[in-house]
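Below, subunit A partners subunit B and then partners subunit C, in two separate complexes.
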Partner chain A sequence: MVERISPLGEAFRPGTYGNLAEGPGVTLTEATPVTIAEAAAWPGSAVALSGAIETVTGLSLPAAPGAGVVGGGAVAFSIGPGRYLVAGAEGLSTKLQAAISLDMGTVTDLSHGRAALRIAGPRAEWVLSKLFALDFSPAAFPVGEGRATAHHDIFAQIQRTGGEQFDIYVFRSFARAFWQELCAAAEETGYEVR
Partner chain B sequence: MSARRTSTGGLIDRSRTVRFTFDGKTYTGCAGDTLASALLANGITLVGRSFKYHRPRGVYTAGVDEPNALVTVFKDGVREPNIPATQIELYEGLEAESQNRFPSLDYDISALNQLAGPLFGAGFYYKTFMGPVVGPIKGTRFWMVCEHFIRRAAGLGRAGYDKDPVRYERMNAFCDVLVLGAGPAGLMAAEAAAKGGRRVILAEQEPRAGGAANWSGETIDGKPAAGWAKTMAERLAAMDNVRLLTRTTVWGYYDGNNLAALERVGDHLAARPPGAPRHRHWSIRAEKVVLATGAFERPIVFPGNDRPGVMLAGAAERYANQFGVVPGEKVAVFTNNDSAYRAAAALKKAGGAVIAIIDVRPEISAAARGLAEEAGVVPLLGHAVVGTAGKRLTKIMVQRFDAATGRLSGDVRPVEADCLAVSGGWSPAIHLASQAGRNPAWDGRLNAFLPPEPTQEWTGAGAFTGAMTTAEALSTGRDAGLAAASKKASRAKLPEVAAPALEVNPAPVFEIKADGKAFVDLQNDVTADDVRLAHREGFVSVEHLKRYTTLGMATDQGKTSNVPGLAIMADARGLPIPDVGTTRFRPPFSPVSIGSLAAEKHQHFKPDRLTPIHDWHVERGARMMEVGLWHRPMIYGDPGETVEQAYIREAAAVRASVGIVDVSTLGKIAVKGPDAAEFLDRVYTNMFSTLAVGKARYGLMLREDGIAFDDGTTWRLGEHDFLMTTTTANAGNVMQHLEYFLDVVWPDLRVHLTSVTDQWAGAAVGGPNARKMLEACVTRSKVDNETLPFMGIVHGEIAGAPVMICRLSFSGELAYEVYCGAGHGTHVWEALMEAGEPFGITPYGMEALGTLRIEKGHVTGAEIDGRTTARDLYLDWMLSKKKPFIGSALMDREGLIDKNRIRLVGVVSLDGQPLGGGAHIVEKGSLEDLGESIGHITAFCYSPALSKYIGLALVKGGKARHGTRAFVSDALRKRFGPVEIVSHHFFDPEGSRMHG
Partner chain C sequence: MLIPCPHCGPRDVSEFSYQGDATRTRPDPASTDVKAWHDYVYNRSNPAGRHSEYWQHAGGCRTHLLVTRDTLTHEIQAVAFARAALNEGAGKP
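Showing the complex of A and B:
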């Protein structure tokens, strides 16, 4: 199997940076799952589609805007009405393809097309608030949920994957620019690249 | 020296000495000082020259309302003018300079202006310089000549030219309750809301919470008010659901309860920690807002009221109580209300000598009398200050005054004083309320405007509402907080306030009419006479008054001058004040740095978009160019090669053997669903439902108005699964266009669109040896003509990576587009380079790509330019007659089929000189006489295949002109020369090479 090469290139430099007076406030990592797929339902078949996602991944998605779940081997979150981003292990796209009939909706593999950048730590909400006009507080943005938004030209689909952790899915071609943007935004709190 | 530091008292830290320079001279202050308090502590009372008359001016206030003491600060290699000294926190090494003076603050040549005082009234410049005819120069021309010199003489500080290297940031915040102002009212409101379970942001423009508690000298719950406020603020800051933002000015109240604030993160620091911004722009979305913004003290207008040493009484009190500075040796107080008595007592307590209290009122409250006793003076009631003397104040003139009639009587008595503390009453700070409310309401007892009816979700508390005592501030604050709390929070017991029971209503005296310049607006040098002049000349509306006299303009936005100016106009018109009206306030409340509004590094508005093979190109020495956001190789130049030499070499190599180009930037859209084929039939001019699986077809889209929109190939990967490609530049527009039609026009079609531009890396391999080269590296599929005919698609592997190969040609050669997962892009590219090595494979860039397509006459965005039709481009063979499609209804409009439209042709340079993009094509003329345009060149190159300079052009008549001569006429590049108009299919018009 040929390895997928990271889009970050030399912009990915492990180490600690910025204001480290109180230790790094966030940790930045690249966390692109092996498989990323978009599953989209036809109007009226969103429930059936999320059922199919559950069959494949075991993740039970509530039927609510921004809903999402973080599981052991996979994650899924809503990125639009009847649209979900599902990510996980090798072969996930194929399995989803098989489980989701043409009557239900479509599946598009994006494993190479998106990159997931992870920000974690006590200042993650603070740093992200510099970049997005979203309420990142746990009450407004609970673990598992997702938001589809943008930072200027860069579309971003964000899932809260932990109490202090967010995975930001961006188009691969913008990953390096956005990574640098994240690093710059995190200088104030100090950051560690891992 | 007059002003001085007290030995004890105040909230400053005398043990921490801070050094700073003012006009090049070094001084010291204490931690906790502002520049203004430190200057006063050093006995410096003259700090600036006025705007128009260059009169000496001193510190007038202690806060954001400062009109006079504007200085230029030098920091980070940048000069920043017009910063109020009252708003600059002292830090080690602070460098500040006075403004608007030459050669020095003490001796300013332009101060001669004031001798011509009567001349420089309102509208002087316009009246004098707009009209006259001086030789050939007249009217506005004359004004424009004079303006230059006038602007040099008048004004504030000078801006610098250096790039600001400092970092600015923006921040988004959400809260249930935003409390503006952390004085006693704001603190109570924040606490009540927070205890009620709400998420609270408490914003305070000063470095420390407490507001007036920091200088009132009152006692709250048995503690000094400042200490109570400090404890309260610390308690709030420790709560999880409270964010206390000090040094943060909320300056704009926008729709949807969205408020803008400026946090001065680093201005008070000698050195910012790494990554810390200087300023942070906050965009705060609040469910509810509590305005606890307090009140501003007003001056009384009287002749000589601008002399250094004259200041607001509340400011004098604040310098004494908060900063431990007595602003004068001999302090006089002039007032129309009780609050100044508290100042007198405070100044006395701090060690100053209070010489006199001059009060316009005939009677005062018992509490005021008590404070006067504390200050050690018997107030001079029914008197007014009618004049002052000294460059720095040395003397005031006092005369008997009748507050009811405004009449002066009796002899003028001089009183020696070096500080005059003035109070004309208090005006609620209703600026933000005015941005989110109706017209303010005049209160005849407070003689001030009260907050308007809200038009957004806010309530008020404290002095902002006209509740002027601390006890009222605490109770209204608590109630506002409770009202904003989600659950029924119990009403906390109110803290006990120990304060003198002062009368809060002032006497309605705004001006003392006597001889001499009496300033209403100190920052703009607007006098009471200017206001009356405006009235006489017909500028009676408040808005006209403001524009004619500049009253209330500039950095302080008239915080001290608005109400007195209005009162003087009302008096001139013989109307009650509310009948004259008021100007409403707009954002910003106080000056905002432009940097904070830009707030992000420029490049982040234009992120770099990189292909999966980007690093390979750079390593290979490619010269990159920006194409929209994308970075693409322009040429892979050899050492010493020019751009032209490089692209000629690259293009020739493709025709001779094989070349490879990165086409990952092409827009790619997955079009999937049961109705995908039907959808494509509607959006493309040609048929796609008839396309076989495993085949690709070139497609053209029109806009609704029949103009050509975009082109590209679409590949049928499955019965209901298409991969659409678009031009690089237009990918986003096409996506939007298609989504609009699916969402709005044809919601019944079951089609999903997903951008997969970034999913695939693409390499176009073209040239006579392209197939041989692929045969050497592609596994799991054959690539011979039978398996992979023109427009065929196969799936295979290259070096272990899955690939999808489509045989299509932009170059006109036998060519293939090889697609693979973006993460495998470099891997596959390198394998292709290796397979091509025996054939001398040449990577080529955008220039060669353009050359090859011009030789073939293929159109791009240069020809599909939003004005051309399919017919203009000779693409009408693609307009299906069997079905309607987007644009089909309007594409045959009269104007779009006109015979005189410019249409696509080829042009060949006949003089061996290059052509230029955008150059006109003319039938006759010369370099001097450019002639009438019959069209223009859209693209040009040197064609290695033809050994000539050629171009594509849009020319009237199009094909009909093939074989005729014309001229290229390029005024911009000074080029005029003969061309031949030919078919745009320059090279291999039969297409034998790509079908081979």
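Showing the complex of A and C:
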């Protein structure tokens, strides 16, 4: 497989920055998985499609809107009715394409089109609340769930992948701009890039 | 103004794009009735009050929605998926 170059380029500068009076409040990393794919069901096939994703990934995917799951080898979350973002190891797209027949739905490999930026730490909810008009509290946004939203015109799909951790999937071509925005938003709490 | 998307829950109007009047009915494509086509393409009733319109949650789940909105107060009175079959079993996250 051709090795991908990070879209962050020179904007990715490991170190600690901003207001470090109470230590870095968040840690920012690039967490782009090897494979990112979108699976979308034709009308009436949403249940079959989520079943196929479960079979391929070994995850148990709840049916509710915005639901998702974080597993050891893969993650998946709902990004619209009958549509899921699935990410994981090499070969995942091929396996999904094999499991999801053309009359059930479509699988689009987005591995080279998206970047995942990870924000983790005690102030992660605070920093994200400055960028998105969403409720990031654990009660409203539990671990595993996903939200499709936008920061100005930068489309973002966000999954809570841990108690204090979120992965933000953005278009690769916007990743550097959004990364710089994320760094600027985290100046107040102090941040570590690694 | 918040629009309660049936999939995503309440979201700011900036995530949505307006897709037009939902009260129009397209004439039969084979029709050559000029008045019917003229009305369909150009004429709008512009009501002051309850109005039915299409919106797309373009900055979110990307579905098209059928929204009933009061044009005087911007109160959203009802929201449903434009594709009727999606409304069965719909719930908020």
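Definition applied: the second predicted complex is superposed on the first by the 193 of 194 C-alpha atoms of A that agree within 3 Å, B and C clash if a C-alpha of one lies under 4 Å from a C-alpha of the other, contacts with A are read in each partner's own complex, and residues count from 1 in each chain.
We take it that a residue touches a chain if its C-beta (ideal position, glycine included) is under 8 Å from a C-beta of that chain, and two chains touch if they have at least 3 such contacts.
Quick caveat: nothing in here was measured; it's all calculated off a predicted structure.
Once chain A of one complex is fitted onto chain A of the other, the partner contacts of A:Ala133 extend to both subunit B and subunit C. Within the superposed three-chain model, A:Glu38 lies in touch with subunit B and out of touch with subunit C [touch as defined at top]. When the two complexes are overlaid on their common chain A, residue A:Glu181 makes contact with subunit B while staying clear of subunit C. After overlaying the two complexes on the shared chain, residue contacts for A:Thr149 are found with subunit C alone; subunit B is out of touch. When both complexes are overlaid on chain A, the residue A:Gly66 reaches subunit C alone and has no touch with subunit B. Among subunit B and subunit C, the chain that touches a larger number of residues in subunit A is B.
Residues 43, 133, 153 of subunit A lie in contact with subunit B in one complex and with subunit C in the other.
Residues of subunit C touching subunit A in their complex: 6-9, 11-12, 14-15, 59-63, 81, 83, 85-86, 90-93. Touching subunit C in their complex are the following residues of subunit A: 43-44, 64-67, 79-83, 133, 145, 147-150, 153, 155. Those residues of subunit A that touch subunit B in the shared complex are 1-7, 9-10, 18-19, 21, 38, 40, 42-43, 102-103, 105-106, 108-114, 129-130, 132-135, 137, 139-140, 151-154, 171-174, 176-178, 181, 184-190. On subunit B, the positions that touch subunit A within their shared complex are 169-174, 199, 273-277, 283, 285, 601, 604-612, 614-615, 629-630, 664, 670, 672-674, 720, 747, 750, 752, 754-761, 799-801, 821-827.
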